[in-house]
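The data blocks that follow each hold one structure.
What follows is a pair of complexes built around chain A, which joins chain B in one and chain C in the other.
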Partner chain A sequence: MDARRGSLPVPRVRQVGFFTPNAQPAPTRSQSGPPDSSSPPLSDSPASNSLSPVMIPPPRHHSDNLAAAPRPTSPLPVPEPSPFRRRGADNNNALLVGSYNPAETLLAMSPSSSHVGDGESEETMSGGWFRRSNSGKLASSLPSGTFDFSPVQSTAEALKPNKVQNPVGISAPKEQQPEAPSSSKQPKPKLTKAERRALQESQRAAKAAAKAGGGKSVAAPEEVATIKSVKQHQTQKKDAPQVAVSVAASERKGGDKSQEKERRKDAPAPRMQFDDKSRVEKAKRRSVVDQTEAKKRVELFRHLPQYEHGTQLADLESKFLQLDPMHPAIYKVGLQYLAGDISGGNARCIAMLQAFQQVVKDYSTPPEKTLPRDLTAKISSYVSFFTQCRPLSMSMGNAIRFLKNRIAKLSPSLSESESKSSICTDIDRFINEKIVLADRVIVQHASSKVKDGDVLLVYGSSCVVEMVLLHSHELGKQFRVIVVDSRPKLEGKALLRRLVAKGVHCTYTHINAVSYVMHEVTKVFLGASSVLSNGTVYSRVGTACVAMVAHAFRVPVIICCEAYKFHERVQLDSICSNELGDPDAIGKVPGRMDVNYLNDVSNSGNLQLLNLMYDATPADYVSMIVTDYGMIPPTSVPVIVREYRRDHLLI
Partner chain B sequence: MPDVQALVNEFLNKLKKRKIEGSQATAKQTAELLRSVISQQRVPRTNQAGALIDAVRAIGEQLIVANPIELAVGNIVRRVLHIIREEDLSLTTAAVAELNLSTVSDDDDDGGGGDQDDRPVLSAAAVAAAARNTLRPPSLQMLLEGAPDFVAVPRSSSSGGDSEGKSKSMDRNSRTRKLKHDIIEAVNELIQDITTCHELIAEQAVEHIHQNEVILTLGSSKTVLEFLCAAKEKKRSFRVFVAEGAPRYQGHLLAKELVARGLQTTLITDSAVFAMISRVNMVIVGSHAVMANGGVIAPVGMNMVALAAQKHAVPFVVLAGSHKVILVYIGASTCRGPMLCPLYPHNPEVLLNELRSPSELLDFGEFSDCLDFGSGDGSPLLHVVNPTFDYVPPKAVSLFITDTGGHNPSYMYRLIADYYSADDLVVQRRHAAGN
Partner chain C sequence: MKEQTTRAMWWRSPSFILDNRQQQPNDTARGDALSIPLSSPLPPSTTMADPNPNPNPNPLTDKISAYYQTRAAHHGVVSSDWLAQAQAAVGHLPEADDDASNNDQGAPSGKPFSVIDEFNNWRKQPDLAEAVAAIRALAAVIRNSQATTMMELEIELKKASDSLKSWDTTSISLTAGCDLFMRYVTRTSALEYEDFNSAKTRLIERAEKFGEISYKARKIIAMLSQDFIFDGCTILVHGFSRVVLEVLKTAAQSKKLFRVFCTEGRPDRTGLRLSNELAKLDVPVKLLIDSAVAYSMDEVDMVFVGADGVVESGGIINMMGTYQIALVAHSMNKPVYVAAESYKFARLYPLDQKDMGPALRPIEFGVPIPSKVEVETSARDYTPPQYLTLLFTDLGVLTPSVVSDELIQLYL
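Let's turn to the complex of A and B:
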């Protein structure tokens, strides 16, 4: 499988974004934070004259490096991707983006990186990302630079040898040599769009030829970024990264069948519809959790699981000893989901992954079974257990997909203990990179948007948004926060308490009053449970209301969301897919003795209580989405999903 | 009149303590209070109407100050003032017409003036409306003939001979008694209207609700309840989504009432309004007050609902009893606009709002530790905003259903002309100036 995969043309353009062609290096960026901050600043390439202040950085392939790390055989010196570095970092080559990754440190200290360091061009960096592990493919990309500041033709020529040689094992520095001078010295000729397109076409043709000649082992067509809409950014402010990032990756013409197939396979399977009786029956027979169905369903939501809340927990607890195949860690997390002890997309995802890690550690392959198959089956059963406890969020779905993919991709030659440790490190890396570090990047970006005198409105309690607020506060920015809250969870209260404890000026109100307070608001920061590929933000119920009112009052709405939560599903409304909470929470108002109108009628057949958990905010209301890849408009979500999904799976 | 003053004081206290909930109750009680004020007011021989107007206005000012947010009070005061003026005018007109009749006027227009005494209230209103209403154009005939208006006051002085002198003085005596009587009659009618406006509005329900309709409403309004129930009684079956209307949770109350009357009701949180509105056919809500420009002052959260409805092109219908007199004319203090160009309310969310206790949102005990956190300058770190009302701009409203039928928001200013006289629009303003 690996071999086949390896032959696939994976190289991709990672760098997307605007360019300021003649931009000077901007040392006075308003990047907040200390210069040696471990969160990678975006526009930080040494060759910053080529990079726009706004740019989606390539995914950090620590993963690649890591994958290679246990293998001492990796022949290539790997300069690390410098866009994540400060200049100083490049020079002394020891300062790492995330010091959590020892493998990268090693690689970064490899001799080649130090003199590559001064980063003449993006190609230089890209050399470092060539995936040298088991596959011969070029994992990496030519970060934007190629196109804009160097004559493309030379780039293309320079690339061709790369392609051919790389699998053979010629190291990166060599490749760079023809490249660097041309890119750094020559002033960028102004290319019109048409010219660029023509160049691209010719490149493609050349590639095709190279491929034909190169035989099977040669990695497939290279791709070069096409950057759309380059022109208008002369006036772009250097210190404020633009919101919009236009992304255009030229589609591969070669159209590999297998990849297409894979893509189709990756498409989300249709969700379980709970109005389908036979399937529900089937699911029930399998289920561990004894769920009693809610008696009073809301007609519109028959397709969603509606169960009586509060009944399963005791039942499940009593079953603890009987459920033999269930790992205690899984059990614990499942119970926590059920009881609502863990909530919030990131927390749930991390808890799940850590439970899986525990499972993997304690796992031993039964006789006459293979590890990948058996473990995958096991994890599937655990996942269905989790689903019974509480429907999975889309981010968890992404994480599970990643994990299964990693297990499936395990080399059969590895011993069991090696496989297990590999999976565990993969999980660790996922948590670290996709959640922890991603949050740090988002915080950096988003807090650069907070100015003195701002009045920020936040809704509910999103951990990223909270981090943004606290970070901005630590930076000494003077701003006020309006915490908008809604029943029944009233998550804002906890957020309010934490913010006030840190000394942030806060105003608390409920969602009905949002149009009352919106007059004074300058920015709205919202979290998201998931961002769907049509730009719809799927988030805590009420987010859509807040975004709508903000839109009506012309206040920018900024969504903070890690890219691992992006999902290729699409959704237009909040009805088709949602989660139903405990309906009884609607009827009761804790702490208000005077509101007890429904106590005596709650068992009437005509009354239904609907506790929606999420809603879908249309993309029109969203001004921008801050992710770990930069700040993008909602229209760019599908691009991120498309371009980076593979990386989710492959890191 | 000490007893009247006691009544007034009692009512003032209630208003100040916000004991009276709902514009209908307030309107009714205000009207009743004013009725007793009028009945107890001693009127001088001359200029009775003026004396009554002064008395009502004086009390009205107190009432308005007691609860400036409860617009119904001011509206009722204006309505009563308007009634006094109209009755006075109609009596004057009647007297004049009587005199004119004796001089065998050939004016056709006031031909009905002769039998004034038989049905005084009706024709008084009709004549007064015709006479007072500056907005109404003169009749086509009048325009053609160039005839003077039938209210020929100067003619009254010229007319009359010795034979009529006696009857005139007698008439004046009867008028002194009649004026008060008529006014009280009219105020009674007003009270009647206020109490029955629900039924009038509810009667129209079947015209607007069809089978299997899905209706969304927020908070609780008696008018909405009656409206929905009226449709239900006509055997329409439909479903209602009720947003609970935090932090007062009036929606729970409405849901309970609806369920008790057998309607399919689903209670949702306010935050789920946007999610659900795409499956809703119509939004029907009550209101607190209607602005001259067609904007609505409504329970908090309504603007959100209106925006969501607008986004999904769902009709947003506001029920407003026009006899509940929730028509208000808001003007900036500098401008005395003529009636035809009502000033648009400036920032009504803030001006016409009331902030309620934060305890409805945050438990003081729970957050007592946070309340100490203060920045160096002593200003508290934590604020809690709990407004009562929302302003819905007229463009978000699809239709007003009043007891006089359905109206567009753009038409609302016209109703003002029917219910208030231009002189009274300034009740508040005069007071503000006096302050």
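Let's turn to the complex of A and C:
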């Protein structure tokens, strides 16, 4: 009998989401009955050939889908979503159900055709390079996250490692040699002091690394690449040929290693880490917004940008009339982000798209340029401006990806005005289908889960959740709402105000009391800034706490989130990507002099204030995600991302 | 003759004696509904005219939901000779008859075609699941359709499936089967075919294929699950599931040595019936009362259950008691396997036990219950996915999270 056991085929089990390829979740006993003649092989069943397609390719890491079909090129900007929720009181439109507070009519502006300056040429070139790389493999190496660099710099930077890195540890200094000719083809650029210093430092570091062990010279080439990119940036006039040369060079290097190189190319460019001094320095020089960095920062969060709040605004306003390349609509929305006038994932995304729409309307292609290339480059520069005002949310990243993809896919036969109107229509459709209609569908689904006698707990203020509550109320369902809020934003108050105005029965409490109120709650409704493909919900700080308490009380947690906010990224904690708010906001209570104990100590060196904006809720605490594709379990997020990614991009 | 046997066995079935007793004081409409399976079907006009002939209009009364009627009807008469008869019935597909009637209906004087009739015809075969019967009935709709455009045909189909669905709103598999059929048949645009007739034949082909797949699903599942049944294992089963029976039968036929614990399956004694079937196959069976599950879980190697419906979360809706068995098995680290055909996959997402349409079933306690005492008559419960190990379906062996994947692919 034992002999028969051995030969049994391992049962095939399909799984979805994240799992280790070889893990056998199946029977606790792996040995099983004999392979009898009466039990035909699996492959006979009609089911077996349908097995593979459902297997989800393991996490969508760029390096993993080399062979994937050409993905539309477009950089994915830093996905760091929005904290500020629109203030309900400040404008009457906000009282509308689910209003996104779209930006008011943008300033009319004559077409700004004055794109002068070297920034311009550089953008075009990068655009050109961009187009050439339509194989999609290179797409991911585009600026995804390079914070303040102009497009060309980041492309150059992303490209460099392929050339420089030799997989098997040749020491870095040696590797630098082959670099020299390509850069010496042009007049040697004059380095600034800081750059020279950076160069030296990196060389020293490279040497040290080489000494330390030949095997791992990964850090060094990167640094070299950085320096290289600085040089390149200074010699941008010759940029394009140089890039071409370098591409050719990298092509020539051994065929067998090309696989690995492609993988490297595919790896997303590292996000700007704000604890990297030299890069911050450089970024700063290029940035439009002059922000003073906060001096005291919490150690664990040094990699995130943190600025002294309130300093940038006046400065930016003064620049309003000088900066001609920046379109006023963009400028306005950027300032609104900065001031916190527009907040909330949907509102920010809509405002951004409408600003882009305005840009497109006012756009005219400069001579000797093509619209797709030039416009993409312009939008990239606007995006980096937005990023400076406030880190982008993942949903905005998805929207930008969509827009760039649409521009890139424009038929070359279209005239300029046709192209422009087509882009504008696409933007409108995106707003309409992915946000407005999606919300309507979500409201339908979610309010079907609201029953008479329910006690619903909501946290913070999410416009979709608000719409769900109001819709259920309009349907005449008898339920009670507990609005849980937290300092310092107290967004729940605005929500509370709107709910009470509509006659919804409400209770208001702070998050401190959540474990006390949870026992009477029957369902928890939460919004999300983004849902990541391991089911992690990235949302306003405090959401994870509420979800965990709800889970402990066995109360179902329902997340309402539009599918365009889904992201293929995976995040396990809230540290590596987050946004820092104004640290003073948590130290001070406005209008309460008696409790502002920190007034005089906030400058002392041994005090660090941390005001995090977001947190990540693990999928275990989420019962259901309501999205425009219906109600799905958190394990199905990657399915939606996989099945509808193309949809998001193409509509 | 067959009709006679049906009737005789029908009335012998305990739950139906019970039903009948309880149905007596009820309205005549109920009686009508009850008689559907045995006698000639309802005149189509009554069913069709009623926009929602929900057999279970008031969940608070002690009515039995139509889904459980059907099940009871089937289970009451399942025996090997019946299976043989059913096979024979399936073997000679009544397509010829259908075609004949089709021709008749060409004339306006002919009796109008009714899905419900067709459905009931199919449903009478005890081995045929309700959903498969519905699928076949819908296929017949396409065949008999007088429509001249694709749109008309689709609307007709939609109407038919709606009336089927409203015939019994408590049956998840019926609803899901209809929905899936609609998706499967109409998924690709009809525009690929320049000609309506070719499109229609194509649809009929698809419909028949789908019916065929659904019909064969049980065999496929039985085959897939053989890898998981090993010699010397002890299997706990709950309720009477035809799929699980098929699985065990196949295992027994392939000379595997295992024993089965059957729960009693109150109130309709489904476990007794299953143990009866298994005893015929010479499988060692032990009967447990429903409350002895935790007591005997130590000896159990795996739990096998069927499902009334598989929901979006990957959990299942099944006969009352499945949830607690799954909980006990989970806490003792025993795998829980679910055998379910893919037409039971439904786009539902219950958040908890009460978040489902009620399906009620009378319970006989043997002693009179004081009128003040309330009786829980729900017939099914929801088992969340975290307590299930694997689902055996005709699409393959799935983890619960793949269900949603499949549903998304099927419906969106």
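Heads up, the rule we're going with is that the second predicted complex is superposed on the first by the 379 of 651 C-alpha atoms of A that agree within 3 Å, B and C clash if a C-alpha of one lies under 4 Å from a C-alpha of the other, contacts with A are read in each partner's own complex, and residues count from 1 in each chain.
Keep this in mind: a contact is a pair of C-beta atoms (placed from the backbone, for glycine too) under 8 Å apart; a residue touches a chain by one contact, two chains touch by 3 or more.
Keep in mind the model is a prediction, meaning the values are calculated, not measured.
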Touching partner for A:T365 - first (chain B), second (chain C), both, neither: neither
Which superposed partner A:L612 touches (first chain B, second chain C, both, neither): first
Which superposed partner A:S636 touches (first chain B, second chain C, both, neither): second
Partner chain(s) touched by A:S384 [first = chain B, second = chain C, both, neither]: neither
First (chain B), second (chain C), both or neither touched by A:S343: neither
Contacts of A:N405 with chain B and chain C, given as first, second, both or neither: neither
First, second, both or neither for A:S515, with chain B first and chain C second: first
Which superposed partner A:Q354 touches (first chain B, second chain C, both, neither): neither
Set of chain A residues, in rising order, touched by both chain B and chain C: none
Residues on chain C engaged by chain A in the complex (per definition of touch): 213, 216, 220, 223-224, 226-231, 233, 250-251, 253-256, 301-302, 312-314, 333-335, 347, 349, 351-352, 355, 385, 389-390, 393-399, 401-402, 404-406, 408-409, 411-412
Chain C partner contacts - residues on chain A that touch it in the complex: 1, 5, 8-17, 25-29, 31-34, 36, 38-40, 42, 44-48, 50-51, 54, 56, 449, 451, 523, 556, 558, 623-624, 629-633, 635-636, 639-640, 643
Of all residues in chain A, those that touch chain B in their complex: 298-300, 485-488, 493, 496-497, 500-501, 503-517, 519, 541-542, 544-545, 548-549, 552, 573-575, 578, 586-587, 589, 591-592, 595, 597-598, 601, 604, 606-612, 615-616
Complex interface listing, chain B residues touching chain A: 239, 241, 244-247, 249, 252-253, 255-256, 258-260, 262-276, 278-279, 300-301, 303-304, 307-308, 311, 349-350, 353, 358, 360-363, 366-367, 370, 373, 375, 381-387, 390
